[in-house]
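Right after this note come the structures.
Across the two complexes that follow, chain A remains constant while its partner is chain B and subsequently chain C.
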Partner chain A sequence: MSTRVDTSLLSEIKQYGAIDIEACFNCGNCTAVCPLTGDASFPRRMIRYAQIGAKDALIGSKELWLCYYCGECSKTCPRQAEPGEFMAAARRYALAEYDFTGIAKAMFTIPWFNVLLNLLLVSFFAVFLLAFNQGTAFDKLALWEFLPEVVVQISGIVLFAIVALAMMVGIARMTRSIANAAHLPISASARGERGQAWCKAAWLTVWQQVLGHKDYREDECEEDRSKPWFLRKWFRHATIMFGFIGLFGATALDFLFKPLGAWVPLYYPARLLGTLSGVLLMYGTTLAMMIRFRKQDRYAAQSHVSDWLLLVLIWSVGFSGFLLEIAAYSRPPATWAYPLLILHVALVMDLLVMLPLSKFAHIVYRPLAIYHQKRGNVESIETIPMGAAST
Partner chain B sequence: MAEERLRVDALVVGGGIAGMQASLDLADQGYHVALVEREPSIGGKMIALSKVFPTLDCCSCITTPKMSAVAHHENIHLFTYTEVKTIEPNGGSYLVHCVEKPRYVDTGLCTGCRQCEYACPIDLPDPFQMGLSAHRAIRVPFSTAVPQKAVLDIDHCLLCGKCEKACPVDAIDFTQGPQDLVIEARAIVLATGYETTPRDAKAEYGAGKLSNVIDGLMMERLLAPTGPYLHVLRPSDGKEPDSIAYVQCAGSRDETLGVSYCSRVCCMYAIKQAMLLSGALPMADITIYYMDIRTFGKGYEQFYQNARAMGIEFVKAKVGRITEDEYRNPIVRVEIMEEASRVEERKHDLVVLSVGMLPAYDPRPLYGVPIAEDGFVEAACPNIAPPMTAQPGVFAAGTATGPMDIVDSIVMAGAAAAEAAAYLERHDGEAKTYAGRSISMGEKEAIHA
Partner chain C sequence: MPEKKPKPETPATFARLPKEAPRLGVYICYCGGNISDVVDCERVAKVLGEQPDVIVARTNMSMCSDAGQAMIEEDIREHKLNRVVIGACSPFLHEQTFRGTVSRAGLNPYYYHHVGIREQDSWVTHDDPEGATAKAIRLMNAGLAKARHLEPLEPIRLEAKKHALVIGGGVAGLRAALDIAERGLKVTLIEKTPFLGGHMAQLESVFPTDEEARPALHELIEKVVHHPKVTIYTSTVIVATKGCVGDFQVQLRPVARGVRGVAPGIQAAIEACPVEVPDEFNYGLTRRKAIYFRYPGCHPPTAAIDWEHCTLCGECAKVNPKDIRLEREMTTFQITVGAIVIATGFQPYEPRPGEYGYGEYPEVVTLPQFIRIMAMAEDAGELMWNGHPVRQVAMIHCVGSRQVPGVHEPQPDGKVNDYCSRVCCTATLQATADLRRRFPQIRIFDLYEDIRTYGRGHEEYYRQASLSGVRFLRFHTEQGPVVIADPTGEHPLVVKVNDYLTWGEELEVPADLVVLAVGMMPGPIEDLIDVLKLSPGNDRFLLEVHPKLRPVETAVTGIVLAGTAQSPMNIQESCAAAEAAASKVAGLLSQGLVELEPFVAHVDLGRCTGTGACVDACQYEGAIQLETRVIDGKEVQRAVISPAICVGCGVCVSACPNRAIDVQGWTLAQYEAMVAAIAAEIPALVEVEA
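Our next item is the complex of A and B:
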């Protein structure tokens, strides 16, 4: 199979943040110090792909998504070429390649467009929601009379469907890239006796890696190991992730079981779940922003605009949500909650739109890459005694 | 304290191979030279080495005659255990104030018989053996030291007096103090040498805490005929290593240590040591982990090819980490760049860090000689007169100017001597009265007075 050489690949990736990567002389120190390399080999090979213009091999590398950026490679790099930052930039590049609209590319490479698009989207959604307002009651706080819940639900579902569709396209493009790079037919290993491998890999991905943060916990840099557990990077990520899952669950429970607009006490199970999840989310995002601001840890020394955007967006959603909750339970009625509701829902919608277009998409691409990696491992172990039948 | 004063044509600072060569080359032309060496013996780093590349000649056999020649040359005034303290311009010459540190031994009486050493009860890590074995608090620095005179480490001395009783010539003198010395020199050659990367420089390589991770100079001692064990044994348990690994660029081409340059000698000394090890331990596996093999000199590439043909394993990989197992066997973690590339952890009995060359001495405060970005002496005209510095009359040679091997150091020392001689000729006001160049120091004093 031939390899297409893209001579502008390196300069293109540099637009995504890997500013020092030309200094790399491919010694392999980064791969050897990486706490996660064993079955997989990165970042050196990824950098080599970029340097020689092997675009298909790069965007088809699931290894990009196996890196959690602890920063050990950047710290010990003899050329100080920032391989960790390269991996982040290459992930951005790959993500933009999986996005068929080209919006992700523009957002990653043009900082002001990134900010502007989000401001415009939030404003648009706010105006859209305001158009459905049913008038404000000042003697009591009746949020869902002001903004009919059905409007939020229907527009939310429509938006979710569009985003899910875009995400599916992204998943398909990523899978095809990985299969192409590995010179494998896409569905070859999904059939027949290998069904077990499929299940095992999915189980390992979801249970060990996504929920258990196994590799994330192992991928700890020196500085992180000296911190208490609640300040470590993996824990921070876990709080944000479980906060998200919890809030998603609370919303779903509300949608399924709670009458529209009904007032519930704080200890109502879905509300309690939502509150606790919100606390986790706020803890994680606030801490993450502080660490990015302080720039002391190697992995947070360089923050791309897309890193900030996602954090700020999630934090704003969490913060406005909490203000709403305070308003809902305060006496006398806090009428400032009406505009806040519009803002909160508009922010959530913007976050949803950002799912396939920003760093947020890692919630899909990363588990998918881990799954492919695990499946490769499981299969290679199981096929050795049977001989190389598939090749 | 009596102050000695000496007029010479040139002062050479540093008694390693470059300093010795520059001194000899100047002295042989008839110039009077003062050679000042900080350590109790001349010989520098070279006298501690086992063999030289690419000829595998015995290092002692090359260095010792030079050391003797320096010590016995009628035009060379040798000052060991002496440091330059201040320096002042003196109308076309320099007044160099030195301090000779007390040896607590009368060098005029000491015969180097070592009776004091046998009597001394104190054992200290021997720096000449790179800390692999011990020496006494009073000792002759090493077997081929020049001068062959004892020196007492007063900081660790108990003042028990055993050496004083043992000395057959009553040379021990506990009352000695520092001796001031003024040298008036018209030219100066800096041959202040280098240091190696500290073994604890890299946390990834165990920060010096792994006992079976040694550096290149330690291996030189293990291989040398005058070494600590007279055999290659690893430090932790004295086991004969069956598997030895070299970690190249352990301190060179590494910006995390602020060293972006190549130290030039490490590839060759690692290959040389690997060859010597093949002789010393014929059954041992020897691996060299390298980023690039740089064998630039005459006969060097053939040397490398010979090593490959001998079965020494060369692995293109930068070692990322070194750890150790419960038996203190070092484990190196490398990326093997074959096929899809993979990470391997390989266990060895002994790991040698091919440490790089670092500047040893900052000449700016005393000599006003600028240093380059890498910390080594900066040449004023690097392409046409490498030994010349920005300071008139001050020249530099050898590894004080940057990483180089023995051959290049000797060549540059010769060049520095030639530059210094030319300078002396140009600036010699009373050149005619110097005719003959073999006049004694007394006469010279008279001429200048």
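Our next item is the complex of A and C:
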């Protein structure tokens, strides 16, 4: 079965931020220098899929998600085709393809829509929450009397359920794409030895890669080598991720053990966990934004609107959360915290909605791709000979 | 074969030993380390300095430098040296230099012998310094042995006609003609067809500047046509030649043009012609009459009759009886020229019927045809071909080039075109750029084996093609693309290819037009090769004497090559070759005297018995002949050499049963002495080898 060449795919991916990829002449230097491409499958192979219009093969490539964008490929490219940027764009493209609503595609390809949608969502949630306000007390700060906690909890749970459902659809579509892509004799898993048992693969994914950041640490870029560990890219990511996990844990603990609306001291375990996690989150996001702003590191030289969106959103959530905490413990009562609460909760809700629709979705797709790769046991495969005819 | 007579006790050539005792100067060059890094030059000098007759033995970092040459000159004067032996680079490089050195010091320049101890020793024996040193000593010792037998020689001087013939009226021929004429020599330019300009006239723009082809060409044609030293004959071919460099007698056969002057009203006569044939200017895409102009504005601006297709019906002459005469034949005439420039050019490879669908599908065309299609297309709207709008174009590289025996079908002569035609890669990419610029909506696919955009500015076409969205696919020679009708019917054709860049995956490229980037083949010049005794290479292009050091001269002195008759070249390279050819011609003829190396056969009349074996053996007509002489009152036959024709190959030397012939400068006696010296035991050398 032969593949009909279609030139439109590359132009489409360009809309997702693959700036100069048409300059690529398939030399493979990007793949030769890539610290992570165990079986020489990316970036060159991904680029070729895009060049010939092999859409199914591209969106069915878990390899897209094995790249952490260190930027070594872009530095080495003799034609300045920015293969690293292509990989990021291809991930956005794949993500938009997994999203059945088409909203992700619109957000990735139309910058103003991206900003507008988020502003509208935050405004909508703010108005929605304000509708439930119970009146403002100015002699004391009674946040949960102003906004009943139960409203936040219930709407949050409903929203979470919807988002989780959408995410499940995305997971199903991604898994199907990976399975479908096997018709090209170039999918690594098709050639693999017997897959590892699923539980071992899941364990390796979660423990080694997600929590341990193993490949992320090995994908250390040149710029990072001269930096102390706490400024490195993988560490920055780890602080944001563990910050998130911590805050998620603190919220869950509050939900389970804290009486509704009760005041707790700073050393209350859930509050302490939340505060420390918030510090990590703020550290990571602030640093990431600074590096994207300075544009000195190759991987941060080109920032897509979706990169900024996620950072700005997380940072705003963290920052408004901290202000609320300050307000909660300050004397006299900081009454400016009432609108801040509305904003904070609206931002959190917006972030939740963005989960299946934005770069945020990588928290699901990347581990899933790594899991599929572990099951295919890619590392034990010999390098596929380049140019070997398929006959 | 006549039985050889027993060898005489003493070789006859000994009689020609110089009278004076040899006084040898030996020089070993370091060549800036090229030699001395391997060969112990000082040791070589020391050993050779101890050999008989050697007066001085010296080394130098660079013998060809002014200081090195001055040292040799001074030694010759001071020590009264009468033989010089230099061990250095290849004689191709500096033999002439040192002949000049020796000559300036007052010695006959042929009292000097050059030993190549770089190419033949240090470069090839670099991992064995001891062995290389011993080898240098042996080679140099052989040189000494030869030097003892050197004789003074004089270059052969011939009177030269200050007149050159240029064959071919394409860009290379025109360029060469103008350059020779500007050096003050007379030039006759002949062109086989009725019009000047060659293939360049069929191009629209030329890389790497995208300059318009015809205006540039016409500028050159104007200069040539109006140059007082240039005479041009169109529709003229060579039928015979005689003679040698400086004095070639060339028989030319013109064919009548049939039309006189600008001939007002000629258009009506052309319209009256009932004969229509494919127009070769548009590579058969359009048709023309049997009386025609090549293209509007062509040179000369006179129509011509295509005698091959003209039926002599007389319709045109009825319209214009004053200027049209349907008489083809003209008389042959002779010119005498000192040198000949071959600028016969190329022809595009014509794909076999069925090769990539060529001839089967009207949508498969060659690159030259595509250039004409683009030239004739209107910019507005869509590019139409064969009644369809063109939406996708596939370019296939290396058609008729870089062929592999067993994979590609051979040409009628049994050979495949295994060479790279060099021009097609950039020309194809330039064509895609033009297509992209004028019809940006067309999707372009480029199927290649390798992209060889080697020249200055050429790579830019490749880069721009990439950037403009041309999609590249790569195939292996063994698995070339296949062109078939599109089974889906969306497009007329589909090109199937096992794409090397997609790991051999079979890809399909639907196409409305398939363009074959055909290579170059030499023009049909078999007759000319016969007449001028030229030597074509294995690729059928004409061969130069030495691809690096004598790149435009042929084995026949006085006949030089210009442009694509020699090998595939682009216009820039063709003009460079033409200019080189022109300066070679000017160098030969501008003195009115041709000097040739004296290394030709020489007959010892005392030994010649007139067997004629040498004449039978000789490959060069007129180089050696038997003449009747009267010796002691008897009429006898004796061999006589024509030094201008003899190339010094030495076949006659081996054929002569009497040892009566020698090649000057390379006599049998010299060889014997060299062989003896190579095999001789030199005490110091034995020490080196141990």
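Operating definition for what follows: the second predicted complex is superposed on the first by the 354 of 391 C-alpha atoms of A that agree within 3 Å, B and C clash if a C-alpha of one lies under 4 Å from a C-alpha of the other, contacts with A are read in each partner's own complex, and residues count from 1 in each chain.
We adopt the following convention: a contact is a pair of C-beta atoms (placed from the backbone, for glycine too) under 8 Å apart; a residue touches a chain by one contact, two chains touch by 3 or more.
Please read all numbers here as calculations on a predicted model, not as lab measurements.
Between chain B and chain C, C touches the greater number of residues of chain A. Using the contact criterion defined above for the overlaid structures, shared-chain residue A:52 touches chain C, although it does not reach chain B. With both structures placed on the common chain, the touch criterion links A:258 to neither chain B nor chain C. Within the superposed three-chain model, A:292 lies out of touch with both chain B and chain C [touch as defined at top]. By the document's definition of touching, both partners, chain B and chain C, reach A:79.
By the document's definition of touching, both partners, chain B and chain C, reach A:25. Touch criterion not met for A:304: it reaches neither chain B nor chain C. In the superposed model, A:11 makes contact with chain C only, not with chain B.
With both structures placed on the common chain, the touch criterion links A:200 to neither chain B nor chain C.
The contact surfaces that chain B and chain C form on chain A in the two complexes overlap at residues 25-26, 45, 79. Interface of chain A with chain C (complex): residues 1-5, 7, 10-11, 22-26, 45, 48, 51-52, 54, 79, 184-186, 384, 386-391. Within the complex formed with chain B, the residues of chain A that make contact are 25-34, 37-38, 41, 44-45, 75-80, 222.
Every residue of chain C that touches chain A in the complex is listed here, in rising order: 443, 445, 462-463, 466-469, 471-474, 476, 479, 496, 498-510. Here chain B touches chain A in the complex through residues 203-204, 249, 253-256, 291, 317-321, 333-335, 337, 340-343, going by the rule given at the top.
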